[in-house]
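Below you'll find the structure I mean.
Think of it as A, B, C, D and E in the order they're written, each chain with its own count starting at 1.
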Amino acid sequence: MVEVTVDDRSLELPVWILPGHADGSMTIHLGYGRTRTGRVGSGSGFDAYRLRTSRAPWHVAGARIRKIAKHYELASTQLHSNIGLAPGPNEEPGFGVEGVEAERRHLVRVGTLEHFRQEPDFAQHMGHTPPEGLSMYPPWDFPGYAWGLSIDLGACTGCNACVVACQSENNIPIVGKEMVAMGREMHWIRIDRYFEGELEHPHVHHQPVMCMHCEQAPCEVVCPVGATVHSSEGLNDMVYNRCVGTRYCSNNCPYKVRRFNFFKYNDTETPVLELLRNPDVTVRTRGVMEKCTYCVQRINHARIEAEKEERQIRDGEIQTACQQVCPTEAIVFGDVNDPESKVSDAKAKPLAYDILAELGTRPRTSYLAKLRNPNSTLEES
Amino acid sequence: MSKAATKPEFALMAEFRSSRELLHAIEQSQAAGYTQLEAYTPYPIEEVWEALGQHKSKLPLIVLIGGIVGAFTGYLLQYWVSVINYPVNVGGRPLHSWVSFIPVTFETTILFAAGAAVLGMFALNRLPMPYHPVFNVPRFALASRDRYFLAIGSWDPKYDRRATEEFLLGLDPFEVNEVAS
Amino acid sequence: MTAPGKPPIVAPGHTPGSVTDQISSIVLTRMPRWWWAAFGASFALVMMLLYALTKLVFEGTGIWGLNIPVGWGFAIINFVWWIGIGHAGTLISAILLLLRQEWRTSINRFAEAMTLFAVACAGLFPLIHVGRPWLAYWLLPYPNTMDIWPQFRSPLVWDVFAVTTYATVSLLFWYVGLVPDLATLRDRARQRLAKITYGFLSMGWRGSATHWHNYETAYLLLAGLATPLVVSVHTVVSFDFAVGQLPGWHATIFPPYFVAGAIFAGFAMVITLAVPLRTLFDLKDFITIRHLQNMGKVMLATGLIVAYGYVIEIFMAWYSGNWFEEFMILNRIQGPYRMQWYALLLCNVLAPQLLWIKRVRSTPALLFVVAMFVNVGMWLERFVIVVTSLHRDFLPSSWGMYAGTRWDWAIFVGSIGLFLALLFLFIRFLPMISIFEMRTIVPKTQAREPDEVSP
Amino acid sequence: MSQIFKPSTNTLARVSMFGAIFFLAILAWVLVTLNRSSLATRQGIVLQQPVPFSHDHHVAGLGISCLYCHTTVEESSFAGIPPSATCMNCHKLIWNESPMLEPVRESYRTGRPIEWTRVHDLPDFVYFDHSIHVAKGIGCASCHGRVDQMPLMYQAESLQMEWCLECHRAPEMFIRPRTEIYNMEWVSTDQETEGARLIADYRVQSKLSCSVCHR
Amino acid sequence: MSEPTASTHERSFPPPADLDGLQSKAWIAAGIGIAASLAGWFLDPTQFYRSYLVSWIFWLSVAAGCLAILMLHHLSRGAWGLMIRRVLEAAARTLPFLAILFIPIVLGLEETYVWARPEAAADELIQHKAVYLNRTAFVFRTVVYLGVWSFFAYGLSRLSLRQDRTGDATLFRRMQVISAPGLGIYCLLTTFAAVDWLMSLDPHWYSSLFGVYFLGGQGIAALAFVILVALYLAQREPMAGAFNAGHFHDYGKLLLAFVMLWTYFAISQLLIIWSADLPEEITWYLERAHGGWKWVSILLVLFHFLLPFLLLLSSDLKRNAKALGKVALLLLAMRWFDVFWLAAPSFEHGHLSFHWLDLATLVGLGGIWLALFLGQLKTRSLVPVNDPYLVEALDNE
């Protein structure tokens, strides 16, 4: 921990060093360290209001910083702060390899505009994509709707709105710091952050990852009770009430997007909390697996409405919660069987790629590679 | 163990000290025309049941049938469940995933066959039978230690209480006992 | 019969009568004082296990150290470890019977009992490791009002079939083997309750020629069925891992390599138990140095197959040219769990090489030490397979670390207590060496005729 | 050794073995039956209500349509329980002094809804939508039974998953013309051919995917 | 530690005279086969090299499998192996000659192995493996495999012969001591041999079970061959009186065990790859599951597993030497189909085709090999007369 002193005011704070943060500056978040906000809010974080004055509400100059002999535990869903970068020289062998590995596995694909002009489908050649239809199994038909989703990495700013939207739409429990520190966060959608380039001024890439709804889902095969199976529209259904909680599906999920209720996280006793929840989504109990459903409640609702009117669901009629809130419209959801749909359009772009396609899982969620158009003079300076 | 003398005895039983003596006694008894023989030994001796004319057990056939029934039960159960009753797309695998059905089929085959072996063995041996007249002979306890017994059933057409006892005594047994029924 | 230079499988001077009396007397007389102490200690561990299980059922799987990349931990490690240990019993009994290896006789009974108790311990873990144990019966195919069935493509369902079949067949095999001995105890027991109990359990066994004939056929057939069954059980356990896509789990070598590992671990456990028991119950006449030597050899052979598995795994990871596979091996060697991997190599590969030396194979204490190494090593092997593979898989953003909590340890140690407690009860109430089979081999191994027995 | 058991033990041993098998069979049968009995499903059990409302009297006797009270059944997933005001439309005028109806009047006065005891209660993880079923030609009576013959309401069917699947697997056996949805007495003369035709006409997609009901 | 009793010396087991005739026939077959193969080489060298590889691996499996069974026999000290030990030894001693017969494969390396071709340089994955898959290393390793196997074959043979002469009872212990590491080394080398000769035909594919699968097949090949030789010998003096139903029962049981083992490996590999459906692994199976290859796969299931398995369950059949011989013949034929099935789909990546060169090379190599084998068999007594277990072995029931 450090002690930050501004004039005669000082505050003890933990630090988290991020690549690319401007030299000689620090960012302190306001809004924490409150004492009377109830069960969740009280006593979490540090009260930075003590450092600011009405004269300079957003910037304070002349702060001094001193290391103090105290420790504070931070919990993060992404412990590997240096993804995309080589391990530091002082790191233990075997640690800090996440960065190298993430790069080698071509999870997030980035190119320059120039590169794109020369080779528009460069992203599709970065990893190893097996030929279409290569499988030991006869193909399954999805004659009606076939839901799919596309995420434009170029548009994503990593704002986390999708994470919050998903959380409130789908009754996802808030598990607290201890659980997050143990690696038990419950978010159905997470944002993987990658740094590229030098530690001093890296490029930052964000990649939202949720259930890929693989057509050949490795998770489904291993479930002994059939609690996760495919719907006729290609959704990877998760049936909470059938789940006995073997966690086998999560082990076998290459994207690690499944979340498990290790304890009874949802408070079902407090009556007022009932109003907090979305009535269209089951509140999960202890010992069951959960994950992104492509907001199946919205799909079902739209389908019922369309059926009553005896028409097809219109493109854009269904918006997933994450899509709905995305300020940059990076997320597009729709019927991939419909060649006119926006999502089909996105998936047909040369920038479209699947992550871990070499596993033959055939994900329904795909990405659009990020394009940068660097100004060479600025880059060099 | 003197039971009411009114009841006819079950058998006469001679006790021997070695398996060789027992085998010899079996041969002699058969030569003398006795057919209702049963031998008791402390451990399995192939020559003894061969001498008594038991060659092939029915058990292998029973086990084979058990195994076949098990295999069909296992496979058909899986087929019915996965293809007929509630066909679901599981990870893009075909409904009739015969490759995945091999392990369970194998296990049910073994389970049924082993069950058939054990139940068949008890049935063929007419067990359980906690009461049996031979236990009336106090020295029969040694049949589970180191003594060999030969019994001639009283329902043998050649059986005669006197003559048979004489005959058995002539085989140089350790002792001859009457088995009360 | 006896080849030159081999120690006998029964000490000289024994007759069918003497083996009958000596072995049955263990059951029919009072237990020594140490038995009570040992049973008491293991019973205390069982109580600890029950406490930990209660806590688990009331609070949830979260009391363990599991998290999202590492969804399986101690429970599955222990499951595989225990079921592996179980394998030696059936194998000693069944395969050695088929191969007509008579030295099996004095160790098969208690090895089979060990199998049953190990399977009981193993069976506990899949049941409790699920998030909602009270619904675990959904893995069984039974007609229900939901009209839903188990998903037969899942290795966990295969496991249910494999483990229940294994438990059932092992129990039947063990019981069938016991019937003539139960009759022996019925004939020797003095207390009325004991007589009735053993009489009831022996079903009226008389030892008639007809009985023996069907019995021998049944026993041989059971052995013939049990042998592929044993192989299939650990094969199915290996499928739990191998049918997935996870590097470190998905390897075609897993089935034979797991089976060999299971036999390896099982024989180590038999030695761990046999060495002290033969001293404590004065059974050196029946469990001779020859037995220990042979078990040492089996351990060496299976240990070499396990080592072969390691070598092929590493070679294929490189040869495949698949970076996920290569990284998995590199992570074992250099990653945060490398110490476990090195320890595993020490225990499973290096330590058993001592068994090439005859002195080691013939010295019970040394053999015991090697067996302990293997017990630990095989547990570590499962730890490496389960945890090291899971904690760093495809997406580096989801990597994590895993460590067992005290509840993980309490349940693991408690299961050892359960195993020992069952074993001590077995020793108390049932003959730990097959009496009738000893009667069978004594005339063959002894030059004397059984005639010389005094009445 | 001497004889431990009496000769009769042999019979006893065999009888007890077959007895055990018989016992297990009986046990299995009992469990299966109990699981489907009204003890588990509440099927056929008349529940106590704050006001002894008779569907028999209102539907069969007075000929009030289902829709008069359950107004949202065609638009919403819930059919809707009528507010006390609906009752008071008539009961302002008739039976307006009846002590039996005092809870209704009180509710109307205070605006506190009557706390009816729920008769058809699906588990919380099941999402059933009335509107789509009504729209695709499933009559009220198909699931709720002859409500017009129920003096007091009870659950006519088991509502177990296998019961739902019965129809979802073969909707042609249960579908009826849209005109007959609210007709309690409607019986088809030729369900199979008529059903198949209606399935095509109404573009019925009977979904068996899990997420249709569980989400 | 008893000296061999006089009774073992009473009988001697010289090889029957008509082995010579058989050997001549083998040479004739070899001549015809080789001549046809040479003609084929002129017409279609590529096909020749491919057919030759399959035939060579087939006959090598028999010889090397015999070495493995021999070591297994020494290791288990079982009486079962004594009656066939000389057959096993004679087959194992042909291994150096098989090394010479490997030369054509080296010459045609580019025709058979994709990685040996110049265009492999463009393939990233093959480049990754180039340290391992290159001409020099490949030949070097094959020399090592055959050299080490030959070393064990001749070492054990020599001790066995010395036992005949001196009757030294400690020799069997020495053979056992050699066989223990020998079998381990054998398994490890065979695994790599299987990777080199067969798996690398499709250099993109890999399976860590492959070596074990190949080992299982070798066991079947060797046992089937030994049963046929034993059947032949049992019809002639001096072995006519020595072999009895009990011996064949034992060989039948072993054969059954190996058939089950082979099936076990085959199913395990298929099930694991089928369930995971990883694109890089399934291509190998897809090639073998479509077109004509599908029928070869089914043929293997039916006649390499199902029929022999069911037949061998019967103990009556196993005790009947002639019936067992028929099953052995079937299995030996299926061994060729298995090797063919492992190798040939990787050559053409397409439809199934048999070529007359497959047969010609099989007969040519087979003739040579059989003649060499018979030549080796003739040189010694057909039974190790001074083995301490011989009495037990002779009256095995």
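Note that contacts are C-beta pairs under 8 Å (C-beta built on N, C-alpha and C of every residue); 3 or more make two chains touch, one makes a residue touch a chain.
Bear in mind the structure is a predicted one, so any value in this text is a computation, not a measurement.
Chains touching both chain A and chain E: B, C. Shared contact partners of chain C and chain E are A, B. Of all chains, the one whose mean C-alpha position sits at the greatest distance from that of chain C is D.
Remark: the per-chain Cα centre closest to the mean position of all protein Cα atoms belongs to C. Among the pairs C-D and A-D, the greater number of C-beta contacts is found at A-D.
Most remote chain with respect to chain B, judged by CA-atom centres, is A. Chain centres here are Cα means. That of chain B falls 44 Å from that of chain E.
Centre-to-centre separation between chain B and chain C, using Cα means, comes to 30 Å. The distance from the centre of chain B to the centre of chain D, with each centre set as the mean of the Cα atoms, comes to 58 Å.
One inter-chain figure worth recording: chain A and chain B are separated by 68 Å, centre to centre, where each centre is the mean of the chain's CA atoms. Residue positions of chain C touching 2 or more other chains, listed in rising order: 147-151, 153, 155, 157, 186-187, 199, 203-204, 228, 235, 239, 243-245.
Under the contact definition stated at the top, the residues of chain B that touch 2 or more other chains are 86, 88, 90-93, 100, 103, 128-131, 135, 141. Each of the following residues of chain E touches two or more other chains: 271, 273-278, 280. Interchain contacts (touch definition given at top) occur between A-B, A-C, A-D, A-E, B-C, B-D, B-E, C-D, C-E. Chain B contributes residues 64, 92, 99-100, 102-103 to its touches with chain E in the complex. Taken in their complex, chain A has these residues touching chain C: 78-80, 83, 92-95, 97-99, 101-102, 104-105, 107, 179, 182-185, 190, 192, 209, 218, 221-226, 229, 242-248, 250-252, 254-256, 258-264, 285-289, 355-356, 359. Residues 17-19, 38-46, 48-49, 52, 54, 57, 59-60, 63, 74, 77-78, 81-82, 85-86, 90-91, 93, 97, 100-101, 103-104, 106-108, 110-111, 113-115, 117-118, 120-122, 124-125, 127-132, 134-135, 141-146, 174 of chain B touch chain C in their complex. Of all residues in chain C, only 1, 3-5, 98-99, 153, 228, 231, 235, 239, 242-245, 250-256, 304, 308, 311-313, 316, 319-322, 356 touch chain E in the complex they form.
Taken in their complex, chain D has these residues touching chain A: 123-125, 127, 129, 131-132, 135-136, 203, 205, 207-212, 214-215.
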